[in-house]
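Chain nomenclature is as follows: A, B, C, D and E, assigned in order of appearance, with residue numbering initiated at 1 for each chain independently.
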Amino acid sequence: MILDRVFRAIYPLIGLALILAAWQAYTQFFAVNRIILPSPMDVLVASNDNFGLLLRHLWPTLLECVLGFMLAMAIGVPVAVAVANSQILNLTLYPVLIAMQSVPKVAVAPIILVWFGLGIESKLAIAFLVAFFPVVVDTATGLRATPKGLLELAQSLRASPLQVFWKVQFPSALPFVFAGAKVAVTLTVIGAVIGEFVGSNEGLGNLLLTANSQLNSPLAWAALVWLSLLGMGLFGAVALAERIAMPWAKNGGH
Amino acid sequence: MILDRVFRAIYPLIGLALILAAWQAYTQFFAVNRIILPSPMDVLVASNDNFGLLLRHLWPTLLECVLGFMLAMAIGVPVAVAVANSQILNLTLYPVLIAMQSVPKVAVAPIILVWFGLGIESKLAIAFLVAFFPVVVDTATGLRATPKGLLELAQSLRASPLQVFWKVQFPSALPFVFAGAKVAVTLTVIGAVIGEFVGSNEGLGNLLLTANSQLNSPLAWAALVWLSLLGMGLFGAVALAERIAMPWAKNGGH
Amino acid sequence: APTFGLAQELTKVTFSLDFIPLGRHAAWYAALGEGYFTEEGLDVTIIPSQGTAQVMQAIASNTAQLGFVDLPGVVLAQAAGTDIRMVAVNYQKAPYAIFSLANGANVTDTKQLEGLTIGSGAGSITPQVIKGFMKQSGLDPASLNVSNVAPPARASALLSGQVPSIEFFIMSKPGLEKGAKDASTSLTTFLMADHGLELYSNGIGASQAFIEAHPDVVRKFVRAALRGWKFTLDNPDAAADHQMKVVDGLSKPAILAEIDIVRELVVTEDTKKNGLGSFEASKMEAGLKFVTDNLAITGTAPSADKLYVEGFLPDEPVKP
Amino acid sequence: MSKDALSATPTEAAGSNTVFARFDRVGKIFKLPGDRQIDALEDVSFTLGRGKLVGLLGPSGCGKTTFLRIVAGLETATYGTVTIEGKLVNGPHPNFAFVFQQANLMNWRTVLKNVLFPLEIRGEVTRASIERARDLLNLVGLHGFEDRYPSELSGGMQQRVALCRALVYDAKLLLMDEPFGALDELKRMEMHDLLLDIRLRTGVSVMFVTHSISEAIYLSDTVAVFSKRPATIARFIDIDFPYPRENAMRYEMKFTEYEHEAGRALGIAR
Amino acid sequence: MSKDALSATPTEAAGSNTVFARFDRVGKIFKLPGDRQIDALEDVSFTLGRGKLVGLLGPSGCGKTTFLRIVAGLETATYGTVTIEGKLVNGPHPNFAFVFQQANLMNWRTVLKNVLFPLEIRGEVTRASIERARDLLNLVGLHGFEDRYPSELSGGMQQRVALCRALVYDAKLLLMDEPFGALDELKRMEMHDLLLDIRLRTGVSVMFVTHSISEAIYLSDTVAVFSKRPATIARFIDIDFPYPRENAMRYEMKFTEYEHEAGRALGIAR
């Protein structure tokens, strides 16, 4: 068990080390221009020099991600329930959802700004829009995959629709829900960045844009790396929640 | 059965009609300025006036989406297999995948352009990057959810790993795979547009940018609407493939 | 006399930049930091944007009452049915520049534009401006090959040889120069305004409705802003400090470099004579003609006198 | 043995003082793709007296499960009617319990939580009812497994959990589909006595499917033997032993005679 | 009846001319969270002769399935060894077939395709083998259901499909976990004769778990009765009836005596 925990910590580091090594080797051997791709060393230095700055901007982005994710779950799951339990709603709502999903958010950003203003709301709206669809699709698929026998058991007990959902469909769909949540949570990072691109004064996306516009690549890539780490952290949090929420699934993992 | 088919066609139209009605009402009652949000009527007129133009630009985007999707499936499924069957690969690869997922694609566009140039390759790369993650996460979750009994059956027959995958894990994971594919295929639309933003001379995303820069909102929104319709079409194609691929799942649907 | 009123007596105004805040925008922050806006009784919020279209949308939706708009943008916005006009012109010269590498295309002469491939944005009007400029100069605009390369990727595209030239605002010059040096070559800059392009660019704009309803607010804003510009031209260092206090992620050398470049666009014979922000009807008309001749316009182009409103510049010109 | 020969009085066969449920010409046809169909049930008619215990025997695949599901309101009959306590069944009845042919446990709940599930749904979880659930688990021999997950149990243990789940609340009608099929004989006999005991205390009416002729006889007031598919009732056998029943009864001549009678109805030549 | 009383000669009890499999002090302990554990098997030792048929009886939850799974190489013993044809088992054996306690069908395959699954894996799908699969389905009474999906079958029908799937290829060792548990008596008897017939023709060695004492006696060369958990072998009963067996045998005195002996080993007092 202890060894297991050590492995859980070591292997991801190996993965990261591999990226870093490949990156360093690439920039070194091909003498890549720093503006195009700074070396991990450059980025590390920039990250270190601007640590306070990055940390200050991490916070609003983190907040946008977390709240956007919660919004996506809070709205996505009920929509999935509607879509999974009613063929009519399914057929009627899906086109709307797909339209929302497949429209580039950058392009509809102006109208979002008009509706939600320049505060955190507009970023939440975009993070939500980006993260929402996987939650709906995966959860709906999971709800539909509930073993028929269990539904019949609940039916035979005349469980209310709410009970059926909470006590049967939802726990049974949990692996699907978590799959959707994992995709969603990493997408919120992108959503938050898009939101910050569109209009904001803070956040790692904003910093990224500023650094980019000044062709300050090391800082821009430092922001990118921090965004990746943020994504990993959020994913890890969801994966942890999964392990806790599903103790019966022993070989949980990601 | 026939009635069923009629419903399958009618309800989505109701959904779309609802969006349009809300949209029209909003632009009308709030007298929204056309450069912020043109009315559906304006967009319809623009779409009609520029039909040939839109059609011409639809094609490259469609191609990018389809190829990007196929790439995402072709690479995503094997990666999911690796990740699902090996705890070590799982732990090692996931950070890399999440890093790829949660980095804003626009921000890494420079290096993508350097690697893949301005042709279709760079758009495929981005469409692929965007669509890849849901395929991996959902497929891996599905593969892991294979009933233990069936795996043991295959084991008792000393099936090769490839046989176990193709004949047991994959069919059993199909609902998950299709859930991932549905999310992925709508994401490729976004990916293609981002790719076109980053560097291209054609495609609906390119047209969208051009129209936007000329403050030609009706045309820009026409491009957006076409992108949505493209997303719906692609989603519909995947849903259809699901119905065909899973005849035993009677209440298939989306 | 300046009044230092209580916060609640200040009029709230939102001003949209044409882009995210960079060194070129130091003047607006200087006006803010030096308290010029407050002196006028204004409580100004500066918001970022992502280019012309978004500024226009912000003004049209009243998200911002004033914005840093460019002349071509105003023409397009009016053709699209808005009533946005300029009240002051800050960039007297158009900032559109073509960058190439000394050991590459090395564009130093207008003639070299013929047959050139340029990395530009489908999302910007610059390629059409370049083509108009070529036509003006008697070259065939059709011979220019425009590749759409997004702004963040443009420097890479140039430095990695994907495209032989790119266009950017001239303010990007310092950063690009550094990149070129890293690639052991040097950067060649071609500012069209220095080669005969006569086109007003960015200035202060607002919707006609707002101008009519709050002429005093507009007037006060323009006055304070122009003082900010003067302060910045005189004390770039202090202006940079003001901006850095409010905006994160900027480096002082980068701000100072941009201020130096912007100076070229802002300080001209005209402004030395008539003051910062001043403009001439004839040049507005020429600008309109250039835009209608060369840019694809949907809708009806406005007449020149609709592009601007006179009388909002300070009575006493703010000379650089 | 033809259904006509029986149809004269089947509705009285499972007779009792008060009628609990009445089945009237119940039939079920499954539609298959391509105009094909499976006739699963045909004209099943009889009445179940209140508090009576009816065992259903019949060849595999004849339609026993289908019949039980129709009675439960989980499946709709293609024709015919089911009336329970005077009310037409067209959905689950408020007070019945169903033991499915498969254990049908929730793999995310521990054994105890699985048993408590019906109480949760009915809002009847109290300290006393939890105690009852634990007692039941003890009675079926699952003491110490309360906190295990179903995947850690043997097949027969899972079946016993499902049984407890049906017995944990007071249902008026108990429908059981091969409830003891995966148990060894000793445990089976214990379960028989447990069931009869509960029936005696609560007066619940019971219909259960089994493939064990002796089990059907040992438990039932009446044994109903289904014919081959399409299933209809081939024979009713009233079991004329008094309750409470004793194990010794299994060795009586009359028991063997009943066995032979049921065997013959099932087509087993001895 | 204590295991010590038996341990003198258990390895010879299921004796045969040539040894097919040998089980030596096989034990299994399941570790549970929090230092708890379940002792499922303890010191199970015997030999299975080539071509012999051994029936395993034992209380529910004692460890029969676990034992069968260890023999199959699907589970590893905590201690002890399993040797098949002289080779130590530490993974699935090349030539055996397993009938699981649950039907374990693939819901995405039709009945016929489910039966053909082992042949596909072994690369033995030929016109002849498909014919054989169809024949088997006919023999178990599933004619006409070849193209149905498992969800359209009754419980007993699913079990028969699983049976066909194990019989469709020539295994040397057939391990069956309650293979006839969901069948009616008539079908069960048909299956018995089918199994004995196949055994006769192919010489396959068989171990099967059942809860039916008479089934174990009717089929087996030797019946092994497991004790309560932790399971060990409480008694070996060599069944001294000749093959082929006749149904009439069930009514012989000796048969009843064997039944009583097994019953006593299981703790059933009659």
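Rule of thumb we're sticking to: contacts are C-beta pairs under 8 Å (C-beta built on N, C-alpha and C of every residue); 3 or more make two chains touch, one makes a residue touch a chain.
Just so we're clear, the structure is a prediction, and the values are computed from it rather than from any experiment.
Least step count on the touch graph, chain A to chain E: 2. Superposition angle, chain D onto chain E, using Cα atoms only: 180 degrees, a multiple of 5 between 0 and 180. Averaging C-alpha coordinates per chain and comparing to chain E, the farthest chain turns out to be C.
If you tally contacting C-beta pairs for each pair of chains, A-B comes out on top.
Averaging C-alpha coordinates per chain places the centre of chain C 84 Å away from that of chain D.
Measuring from the averaged C-alpha position of chain A to that of chain D gives a distance of 50 Å.
Centroids of chain A and chain C (each the mean of its C-alpha atoms) stand 37 Å apart.
Counting partners per residue, chain A has 35-36, 110, 114, 197, 212 as the residues that reach two or more other chains. In chain C, the residues that reach two or more other chains under the touch definition are 53, 57, 61, 152, 155-156, 160. Multi-chain contact residues of chain E, defined as those touching 2 or more other chains: 102.
The complete set of chain-chain contacts reads A-B, A-C, A-D, B-C, B-E, D-E. Chain C contributes residues 51-53, 56-57, 60-61, 73, 76-77, 79-82, 119, 121-125, 146-150, 152-153, 155-157, 160, 162-163, 295-298 to its touches with chain B in the complex. On the side of chain A, the complex with chain D involves touching residues 147, 149-150, 152-159, 163, 167-168, 171-172, 174, 246, 248. For chain A in complex with chain B, the residues that touch the partner chain are 7-8, 11-12, 14-16, 18-19, 32, 35-37, 83, 87-88, 90-96, 98-99, 101-108, 110-111, 114, 133-134, 137-138, 140-141, 144-145, 175-176, 178-180, 182-183, 186-187, 189-190, 193-194, 197, 205, 208, 212, 220, 224, 227-228, 230-232, 234-235, 251, 253-254. The touching residues of chain D, when paired with chain A in their complex, are 72-74, 92, 94, 96-98, 100, 102, 104, 106-109, 117-118, 120-122, 149, 151.
Here chain E touches chain D in the complex through residues 30, 32, 38, 57-61, 64-66, 101-102, 141, 148, 152-157, 160, 177-178, 181-189, 211-213, 247, 251, 263, 266-268, 270, going by the rule given at the top.
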